[in-house]
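Structure record follows, encoded as structure tokens.
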Amino acid sequence: MRSALVSRPLDPAALLAEVAAMGHGATTLFVGTVRDMHEGRAVSGMEYHAYEAMAVHELNAVVAEAEARFPGAQVVCEHRTGALTLGEASVVIAAAHAHRAPAFEACRFVIEELKRRVPIWKREHYLDGTRAWVDPTASAPVASHP
Amino acid sequence: MRSALVSRPLDPAALLAEVAAMGHGATTLFVGTVRDMHEGRAVSGMEYHAYEAMAVHELNAVVAEAEARFPGAQVVCEHRTGALTLGEASVVIAAAHAHRAPAFEACRFVIEELKRRVPIWKREHYLDGTRAWVDPTASAPVASHP
Amino acid sequence: MSVRVLLFASYAEALGRDEVALDVPVTATVADVLEQLRTLPGAERLPPKPLVAVNARYAHLADLVSAGDEVAVIPPVAGG
Amino acid sequence: MSVRVLLFASYAEALGRDEVALDVPVTATVADVLEQLRTLPGAERLPPKPLVAVNARYAHLADLVSAGDEVAVIPPVAGG
């Protein structure tokens, strides 16, 4: 298992290769990317910020929990920080196992837990020049006052 | 959507790229690979055979059903035929969507349906020189009488 | 009339061939084609009710077949 | 004693800074640190019970803090 917070572009194929092993019959990958619309607003880009020391610890704990919950799974995860353009990957998770059910479930577990507890925040930049912090607990983004 | 039965090595990164779009926030990938053990026997390789005309039709129908069941999903799938060595990919499925739940579910749907109804068979070659057709409905592989 | 029967994987091995032409009555069903197939050596190793496709689509035992149809006997599939 | 309070994202914007040193009693809890923080301008925009971490681990409002601790006030996370 391995996880990292990185400021360079993510490479999904490298993570796939990292979990490859002769005993694995199934590998799943999740890639999160910056999309052009969010809650009806046209997005031009995204900034990812993290409480780095804590995010590194929590992300690692999530990946370790995935491997403990699905014995035999091998899981790696990288999350990007900094400014991302549309279509760029913000997170990549690769999970491999002898069988497909735990490979899918380990991958899903990591993205759900990551979104629940890893201290990372994102600020959306809109085509109209405004920007706002994304608050998944609110119905609409929190207006930003830079 | 696209699906294919191919005799060349599969390229997961190419399928990921194929489903990329600015409106997609989530992409999932499933890669099935030949593993070194099956039901306690050491495997040296695998032959995949298909009823080609029907397999092409059924695989395409499965991918089309995935996109219909998860509106907005974009799904591609390639299945390999012929002789594969350990660690080689036999099937790759990429599914992309604005949101992660349908991306995961569309990918999972395709592999489950594929295994249920696409007329493809595999013959395992064992390290001891024997071989057998894999029968998922049986408790053990069917002995092969070539 | 004649239909072409395709055999795959363990079923092809059981009968020692992957294709056979069978003569069946004009009103024959898929079940009739299977019954005819069972007269061949090795066919005793087929299960009682194998999956069947007619012209590359899954078919029912009661479906009628036509002259020149391609009737495939489908072993348990094992893709992925 | 002094603790270091870290602010992130919308909370940093609310208070116009991403870090502040606060003086609290030796027996202070996380809740006491938050109460002290609320005296600062902009802090009225924090929610009533924000998530808090002490030394990079999630903490409870009743947890005691120690001199030199790093107390982070965590806005709703939005990774992925």
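Each chain gets a letter, A, B, C and D, in the order it is written, and its residues are counted from 1.
Heads up, the rule we're going with is that contacts are C-beta pairs under 8 Å (C-beta built on N, C-alpha and C of every residue); 3 or more make two chains touch, one makes a residue touch a chain.
What you are looking at is a predicted structure, and each value in this text was computed from that prediction instead of being measured.
Taking the definition of touch as given, a chain qualifies here only if it contacts chain B and chain C alike; none does. Taking the mean of the C-alpha atoms as each chain's centre, chain A and chain B sit 25 Å apart. For the pair chain B and chain D, the distance between C-alpha centroids works out to 50 Å. If you average the Cα atoms of chain C and of chain D, the two centres end up 73 Å apart. For chain D, residues touching at least two other chains, in rising order: 80. Annotation for chain A: residues 32, 100, 111 touch two or more other chains. Chain pairs that touch one another are A-B, A-D, B-C. Interface residues of chain B facing chain C in the complex, by the touch rule stated above, are 32, 48-51, 53-55, 57, 79, 90-91, 111, 114-123, 133-138, 142, 144-146.
Residues 6, 8-10, 13-14, 53, 56-58, 72, 74-80 of chain D are the ones touching chain A in the complex. On the chain B side of its complex with chain A, the touching residues are 12-13, 16, 20, 22-37, 86-87, 98, 100, 103-104, 107-108, 111.
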